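In what follows, structures are represented as structure tokens.
One chain, subunit A, appears in both complexes that follow, with subunit B as partner in the first and subunit C in the second.
Our next item is the complex of A and B:
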């Protein structure tokens, strides 16, 4: 099958024809600006806008503990967000694909509904939940778990909960589509041959949903690394993340080049971490990629 | 090697009862076939034994052990699934080694066991292939090897040959019989195909559309002495003739309207409770039990005249469809013993049909 299409057959031309508009769009509005930003990070400009030459100063400026810490906290936030999403999304996707199959369309619909309302509305809704006399504190007090209510706004917890809330569907959907393709009888066969739940999960389900898992993992990890709005709105200005620093410098007066340099640094760091994580996932989950 | 005994098993799903009340004994070390029409609940019964479903009530014994509440992975019972359910991300070796790896056996022993069984199944040239690269017959063998490598007490086979073509199926049936003979594991073979069931089984059970067991016995018992018209019709081909039963205590006869009276034997010469003078009954005669000729032939208990309606040539036998005087049709099979039969029977010829009374079966209507 794979090799039966000759290079002249009309179908083999189709992918490029159909892919071209998207490709051109990507090049024009993503790769080209990225290259321009990278270049502007190296360029020394006078106050009047004359180019003086090339420099590494903008990059060296950020090689300080403060900014390395910023990059590290962004990584930590993105990583914990991704793991939390994964932990919540896997059982949910499993439920949608198998147990609740009859209602899976309804559930998927409900999962996507929040995207129809404005992002800021979600944020304000969470304010009400996390505030000192908000819903969550009330609940905890009534359960007797907390005596003195404290505001949970402007804490790392608030940032994380909003991140998980916002990014969860990006994890659920690819996992669901992987699990849905899996034959239930493979799970049954595994039990039948003596495997426990945990063994079946590790040896059968994880390898067979590896593709969906990787897709979900990086769909969540990569954007949450550079996330700007959520830490800004939910975390106050207590802690700086990559997104905050980039926006501060890019929008600041005459600090555009610094912003560009930091963007490039953060990008390089993120690509390296993503690569390492990819490698780790490949090593942790046995079997060739499926589903 | 252990027997499986089902006692008063009941199972319902949301859309209705599947198994109303089944008790069944599958003897240890025997090849047992469960035969029934599609959707009759036989697969559910198999899944109950495996532990993939939970019975509403009733008890499942494995030998003397009550395994009703045992979880699936603890039961020494393995399934060969209809679509094989091979793990697509594992190669042939790892599929077969799956259960052994779970047992945490030493690697050398696993390797030895798996290679031995793969060799026995003629798969030694495919050890490291992905299962998706194999043919249907090879996948079937991998599924079998995977299910018996950890030496289960019972092997359940759920229509395992349904996806194979006829020739391969015949070959696999023989291989299965020989395998069971060698292993002496209790096999339960679930199928809707009477040919498969008759071929493999030491003992078989017939399940009807309502999930009830109609008859249990050897293939021969079931084919020759069906206990109900359902069994007679479902296993093999038969002619069903409605009539009235007379003279039960001396020389029983069945009277068929428009055709006259025919001598019959009561099943196993025993009078059944439902048999009353003048009651309705069914006579079932297998098409191959009828002798067809244009001549007068003596020494048959019964004879009947009819016209040949159509002739179907099957190779080893010829099927004649005969129209009787009362407008019913019956089928007759004749072995094609000679290249040039002495007697040529053709379309629209008038023929005589003969059969011995002991070759017809009387059933309750």
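Our next item is the complex of A and C:
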């Protein structure tokens, strides 16, 4: 693409003014707020709002087991969510791209419709299923598996189910678009040459879907690390995650700076773990990144 | 598949159908009970439309619906326009490759973090929370979607067409409007639909940046959730599901499906 238009077209004076609004908007309403909040985590402010200087107190405040545990449980939630999504998404993407190719439009449609519907309604739907008098308990009772129905809401189980439910399409779609571009004959050749299913998967399919895998990983892992709404709604107040702590502190009275510091701390931790996991994927899966 | 590996195929089918069961079970339960004449804990009684009638008469619902509509429309138009201008700049030979990376930041920062940062920022520059702040915030989301999508499509365009147009004497501006823009149309429509839906359904940014005066649809649903299960929400789900079906149908009817997935 290097030889696109740049050498040929006469660059008039007009253009940069045209490119500018989007860039300015992005800097003003995305990067500037992030930088400001990062700075405010370091600044010491008096009660009247005067700036006293720099401090690390806000960060030191969070260096104790309780908050480290919060960060760790967020990591665990994001990680297990990503793994579960991957485990469910891969067979589905495979089906969409190969086995059920003829009906792929219908199945893609069915996948995207819930994805494009207000997410709170799905939360509500799961309330309906998981509640004490909900559908699942009713079913289990009728099957005679459960005598005393208990509410399955406000449990880690409910949080995880909702997370997988919500984030699944983010994993399926990139995987599908990688698999779809793959040459079926490569798989056939692998089978013909005597490879087992597992070998074919590991040596042919995984390397060729590496790009989709990485995209899906980022699209699921990062937002679920900061996820605030699902734990809040499905977990009651029992479980604390990064998103809930951040929102509590930022919305709380006079704890804004603490919230800012925690946001920075969690963000740094998240980027480091995402980087490590990315590196692991890179190392585990052989081959270069293909389409 | 080459080897009719029957077992593998059956296993795959079982997995796929249980995934779709998982996706649709809650929705179906929800829809069925939107027609139940009794409130939630009670089992099926008889068929009724009354929750739908109540839904359409609810005033706060319509207010929040219009608010969401305004915010989604404005942020879609704003981000599409700015996105097109940026592509225009690229088409003129501007080097935006390195600038473009700025827009991928939206993927790396969780929405919660963006939302609290924006909340603090709006407080600092004294912009009162309301529909304006929501539009500002949602446009950021929109830019992060539309620019990568459109730019990817722009790079795929056959540059010989633009060159031909320029060589044959069209001005760069004519070339942009007659050659580049029509080719980007599917990407623009798909991107626009996506932004609209993301904004319309957004919860996190709305939760932090809407203020108390202006309620969006998501916040209205949240308040209903907090006050307990009511069949009106079931009816609302049915209506919104029909709406999103329509949107996805429009997306699928685009001739060359833009790469939004």
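Following the convention adopted for this analysis, the second predicted complex is superposed on the first by the 259 of 291 C-alpha atoms of A that agree within 3 Å, B and C clash if a C-alpha of one lies under 4 Å from a C-alpha of the other, contacts with A are read in each partner's own complex, and residues count from 1 in each chain.
Throughout what follows, a contact is a pair of C-beta atoms (placed from the backbone, for glycine too) under 8 Å apart; a residue touches a chain by one contact, two chains touch by 3 or more.
Because the structure is a prediction, the values reported are computed rather than measured.
Within the superposed three-chain arrangement, the count of touched residues of subunit A is higher for C, of the candidates subunit B and subunit C. By the touch criterion defined above, A:219 lies against subunit C but remains apart from subunit B after alignment on the C-alpha atoms of chain A.
Contacts of A:99 after superposition: subunit C is touched, whereas subunit B is not reached. Legend: residue contacts after superposition of the two complexes on their common chain; A:29 is shown touching subunit C, with no touch to subunit B. Applying the stated contact rule after C-alpha superposition, one finds that A:267 touches subunit C and leaves subunit B untouched.
In the superposed pair of complexes, A:194 makes contact with subunit B only, with no contact to subunit C. In the superposed pair of complexes, A:18 makes contact with subunit C only, with no contact to subunit B. Residue contacts after overlaying the shared chain place A:126 against subunit C, while subunit B stays out of touching range.
In the superposition on chain A, A:208 makes contact with subunit B only, not with subunit C. Put simply, subunit A uses residues 188-189, 191-192 to touch subunit B in one complex and subunit C in the other.
Residue ranges on subunit B touching subunit A, taken from their complex, read 50-52, 71-74, 77-79, 81, 83, 85, 87-90, 98-99, 102-103, 146-147, 150. Listed in rising order, the residues of subunit A touching subunit B in the complex are 183, 185-186, 188-196, 199, 203-204, 207-208, 286-288, 290.
Contacts from subunit A toward subunit C in the complex involve residues 1, 3-12, 14-16, 18-19, 21-23, 25-27, 29-34, 36-37, 40, 88, 91-92, 94-95, 98-100, 105, 107-114, 116-129, 131, 133, 135, 165, 168, 173-174, 176-177, 184, 187-189, 191-192, 197, 218-219, 222-223, 225-229, 233, 243, 246-247, 250-251, 256, 259-260, 263, 266-267, 270-271.
Residues 1-3, 5, 8-9, 12-13, 15-16, 19-20, 22-27, 29-30, 33, 40-41, 79, 81-83, 85-86, 88-96, 99, 102-103, 105-114, 116-121, 124, 136-137, 139-140, 143, 147, 155, 159, 162-163, 166, 172, 197, 200-201, 203-204, 207-208, 217-218, 221-222, 225, 229, 233, 236-237, 240-241, 244-245, 247-249, 251-252, 259, 261 of subunit C are the ones touching subunit A in the complex.
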